[in-house]
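The following pair of complexes shares a single chain, chain A, combined with chain B in the former and chain C in the latter.
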Partner chain A sequence: MTRSPLVLIGKIWLALILVFLYAPILVMAAMSFNASPFYQLPFQFSTDWYAKMAGNQQIIAAAIRSVLIACATTAIATVLGTAASVALFRYDFPGKRILQVLLFPPIAIPWLITGTAMLVFFFAIGIGRGTPAVLIGHVALALPYVIVTVSARLSSFDVTLEEAARSMGANAWTVLSRVTLPWIAPGIVAGALFAFAVSFDQFVVSYFLSEPGDSTLPVLIYTAIRKGFTPEINAISTIIVTVSMAVMFLAARFSKFGGSR
Partner chain B sequence: MADLVTPAERRRLYTLLSPAYLWLMVAVFLPLSAMLFFSFLTDMPQDAPDWGVTLGNYAEFLSNPTYGTLMAKSLKLAVTVTLFCILIGYPCALVLAKSIKGRAREALFLMVILPFWSNSLVRIFSWAIVLRGNGVLERAINWVLPFDVRLNLMFTTDAVVIGLVHSYLPYVILTSYLALQAVDDDLIDAARSMGASKLTILRRILLPLSLPGLLAGAVLVFVPVVGSFMEPRILGGRMGTYYGTVIEDQFVAVYNWPLGAALSFILLAVVIVILAAASPVLKRAQT
Partner chain C sequence: MSRVDVANVTKKFGQATALDDVSITFEDGGFFALLGPSGSGKTTLLRTIAGFYFPEAGTIRIGEQNVETVPVEKRDIGMMFQNYALFPNMSVADNVGFGLRVRKVPAAEEKRRIAEALELVQLGAMANRKPSQLSGGQRQRVALARAIVTNPRVLLLDEPLSALDKTLRVDMQIELKRIQREIGITTIFVTHDQEEALTLSDRIGILKDGRIVQAGPPREVYDRPVDAFAAGFLGEANWLPEAALAGLSLPVTAAGRRFATRPEMLSISAEAPADGRNAVKGRLQQRVFAGAMATCLVEVAGQQWKLVARDRDIPELPGGGDVWLAWDPADTLAVPA
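Here is the complex of A and B:
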């Protein structure tokens, strides 16, 4: 379609949507640099809230816990997910279709249901609440994302490459480490970043599974919002949004490179 | 692809597959089954040794009209949010897919999708900052308009709808965009060369061909909104009691887990019905 009033209206519409999507986040970020504790204007620049936040033991502890859980989730989900993707790609076996369909429920079922079900079950088998329960839950939520991302990359993999390597005398390990893995590496990196984001941003499942006083950042923020919050929460929220957007930006770059190479 | 012929290959398959699927089994599928079981109990076994089996939790849902009303309220909320997402998001996807080209399109598409992957709780919190009385939005409007405007949006149903549309809008844009991008431009050129107006092209070509993508997006919005509880809690205040918040209460405030399990399972049944009804469409959207 060429230049016309309709196209212009469309572009303005797109611009308005971007404003709608970003304005609240930018306002929140701006308020974390505003001196007034009651969000009063005029704006007065100050980094006090970041200093307060850095001195808040609860926030720091929750931040460290969130990052550690996200890293552990990323490591476990990436390894298990990549292994499963390779198996699903490499072999034909009865029930394969069912295994692929089973990846859908953890993504599609609202987290409220999954989270409460995990809580009930983990109590019944004695795991209860706490960091191990949160980690088990996060890995389960991240796994389907890793498998889908790595499988997408694998689908463009030419199996004859492996055969060629093998015919020239490479053993199974060499084929895997020199041919297969380098090819799917962008998919694995993207999957790992997805896993990190799923865990780091996860609120609902963490909320039901974490012990009071032993919570992740989003759970801490939720509790703070309901008790009456201060711009300290804006400061930590601004940091979280920056981190997760950066991670997702990288993931998008990697999965795109994965597709175009 | 290889068929399983040798025992060694079979062993390798199990070694590669079983860790991931055992994990999913323990963390997702067993819990969901366990929840169905617990929804038929009078008490949680770990709390009361004299627990028994009952249909009472489901009878409670049927006999107490509050739950039905809240389910209807949540469904209505989901319909409202989904409609807004379609009305706002589809034109946006159309512009992205058909009138912007090259690097600009890629960059804009990424910008639309990016917030979706940032923390949903934080984004809802940001609306609490914007919408609060005497907050940024009210001040901005009063600065532009000469007379005094009181929006009082915070702690209303409108605030909940705004927050949820903000949270899920990128889903509709993403799926519609992918579907629209797949529509062959030659088809549009052919229609135009034969004198079709823009509206005709939209109505007869673009809309029908991208409908599976649009509907897939609608389902992806509808399902989580029916089960939302954090957004209504933060933005809805006293107006923010929904089916999801009642389930949350059973687990974190009232501690009636069997009733909570029953309510969760009823929600799951509703979700499954919606997904099953939409599955032919979702399958078509995948291809």
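Here is the complex of A and C:
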């Protein structure tokens, strides 16, 4: 009996959180299907904005660019991150603890600062702005996420499985591909999805490092909003939100599987 | 199947010497138990024979081949681990067939040999299960089938039964012995359980501080231990206090020696025995009934002695009173002091 007011408050609290988190997104998604360019009600269903968006070469180019960079980032960060996790798990070397601790600040430091630092650094060493800079930046940001998720999975790995495989005649490659990688696969998939999301949703670092006219989707949206808002942006944003949420949902599922079994 | 010769092997981990000039021969087709307290080097010796460690000095031969620099995957051994180490993502059949696939055995033969191995451990019906769906004893059998399916030259067992409960463990001991006899494979078995070592093996090696203390058939090691450690580690020893030696009939001269008896060699009575057997006087502390057998704890000149006998062979004795413990002089153990 005494618990019921608490439970009620808790439920209201939860409802408020969900409303403030998702209501704006839902409104945006709804407006992307509204015929009026000035958000006028009553709501009139229309896919005009999606059609317009599809005809906008700039948006399409930026979207393709974003996806390509995200895919490249995912591939590089996943391979490097998995290799790094296996090495950190398997070998003891001087400075290992420090290296592991150094993985976390890039997750915690504001991207604005990381982005500025990267810009200064890349100019100093002659890489400058452009796609290579964006790619390096994204990989650097995504790498810790991969290492953390893969390492979490590896921590529950039983090394006697590798010993058993070797005792049966398996060489290092067979042990890795048949025993170790299958065990950490959920962690690798989750890490890859995180890496994709970090790159695809990345605004700050991309904004600093990409050359004008060569922008990724989030950067293009920002620039477009500054010029004047059109429901076209709602349409493309709705698509981004859908893709990002799907990716994160998958990542969460895989990392949850990573914990059990 | 091959004999294994370990000669003058030394293995160090940093400053610590895990194996100190160890030499021992494992006969072809024999069942050899390595017994010792933790830290004695028994597991290190097994893993050095397996090829997980490379010795700093000495040679290891499997059959006619020197293997001390050969990595584990090229040694052609079968190994069973304490936690079984079954691959959780593979079915029972795939676990057993792993070594065959690595060796690129043709699919039809692989299938036949997996079936044979599972038949041998009586798990033919479980081929498609995952390890997580098996009981402890079944996992154990899968691990054994997996270790022998490739017909390795030697089978290495690292405390394979220690994770099982007592009843299952005894069943598995019998099973392990049967399978070992059936395929006649040279087997080296690490255990800290002396009873298990005595039950299973036809030779025992006792290790202490990285050295072999004694190696030989179980009966020989039990009846004629070479030193006080071996006497106390394999079986139990009641040490004769020096003051009690006078008047006893001893197998050898007392100088520089210690003497002991085994708990089951003793008989107990309220009066001194008149049949000329060795006897010492003590005070009965406790009599513990355990079904068929009973244990008496007796204080002899400040030391605790233990007697084990059939309960019906122990007479009624007054608690806390003086008793005599008697034994046949031939049953006296003598070791260097």
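Please note the rule applied: the second predicted complex is superposed on the first by the 258 of 261 C-alpha atoms of A that agree within 3 Å, B and C clash if a C-alpha of one lies under 4 Å from a C-alpha of the other, contacts with A are read in each partner's own complex, and residues count from 1 in each chain.
Simple rule for what comes next: a contact is a pair of C-beta atoms (placed from the backbone, for glycine too) under 8 Å apart; a residue touches a chain by one contact, two chains touch by 3 or more.
Remember, predicted model here, so these are calculated numbers, not experimental data.
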| item | value |
| --- | --- |
| Clash or fit, chain B versus chain C on superposed chain A | fit |
| First (chain B), second (chain C), both or neither touched by A:64 | neither |
| Contacts of A:81 with chain B and chain C, given as first, second, both or neither | first |
| Contacts of A:112 with chain B and chain C, given as first, second, both or neither | first |
| Partner chain(s) touched by A:179 [first = chain B, second = chain C, both, neither] | second |
| Which of chain B and chain C A:226 touches, first, second, both or neither | first |
| Superposed arrangement, angle subtended at the Cα centre of chain A by chain B and chain C, nearest 10 degrees | 100 |
| Touching partner for A:160 - first (chain B), second (chain C), both, neither | second |
| First (chain B), second (chain C), both or neither touched by A:168 | second |
| Touched chain A residues, chain B compared with chain C | B |
| Partner chain in contact with A:24 - chain B first, chain C second, else both or neither | first |
| Shortest span in Å between Cα atoms of chain B and of chain C, once chain A is used as the common reference | 10 |
| Intersection of chain A interface sets (partners chain B, chain C) | none |
| Footprint of chain C on chain A - complex, ascending | 158, 160-161, 163-171, 174, 178-179, 182-183, 261 |
| Chain B-facing residues of chain A, complex | 1, 4, 6-7, 10-11, 13-14, 17-18, 20-25, 27-28, 31, 39, 41, 80-81, 83-84, 86-93, 99, 102-103, 105-106, 108-114, 116-124, 136-137, 139-140, 143-144, 147, 159, 197, 200-201, 203-204, 207-208, 218, 221-222, 225-226, 229, 233-234, 237, 240-241, 244-245, 248-249, 251-252 |
| Complex contact set, residues of chain B against chain A | 1-4, 9, 12-13, 15-17, 19-21, 23-24, 26-32, 34-35, 38, 44-46, 88-89, 91-92, 94-96, 98-100, 108, 110-115, 117-123, 125-130, 132, 135-136, 139, 166, 169-170, 173, 188, 198, 223-224, 226-230, 233-234, 244, 247-248, 251-252, 257, 260-261, 264, 267-268, 271, 275 |
| Contacting residues of chain C [partner chain A, same complex] | 50, 52, 71-74, 76-79, 81-83, 85-89, 98-99, 102-103, 132, 146-147, 150, 156 |
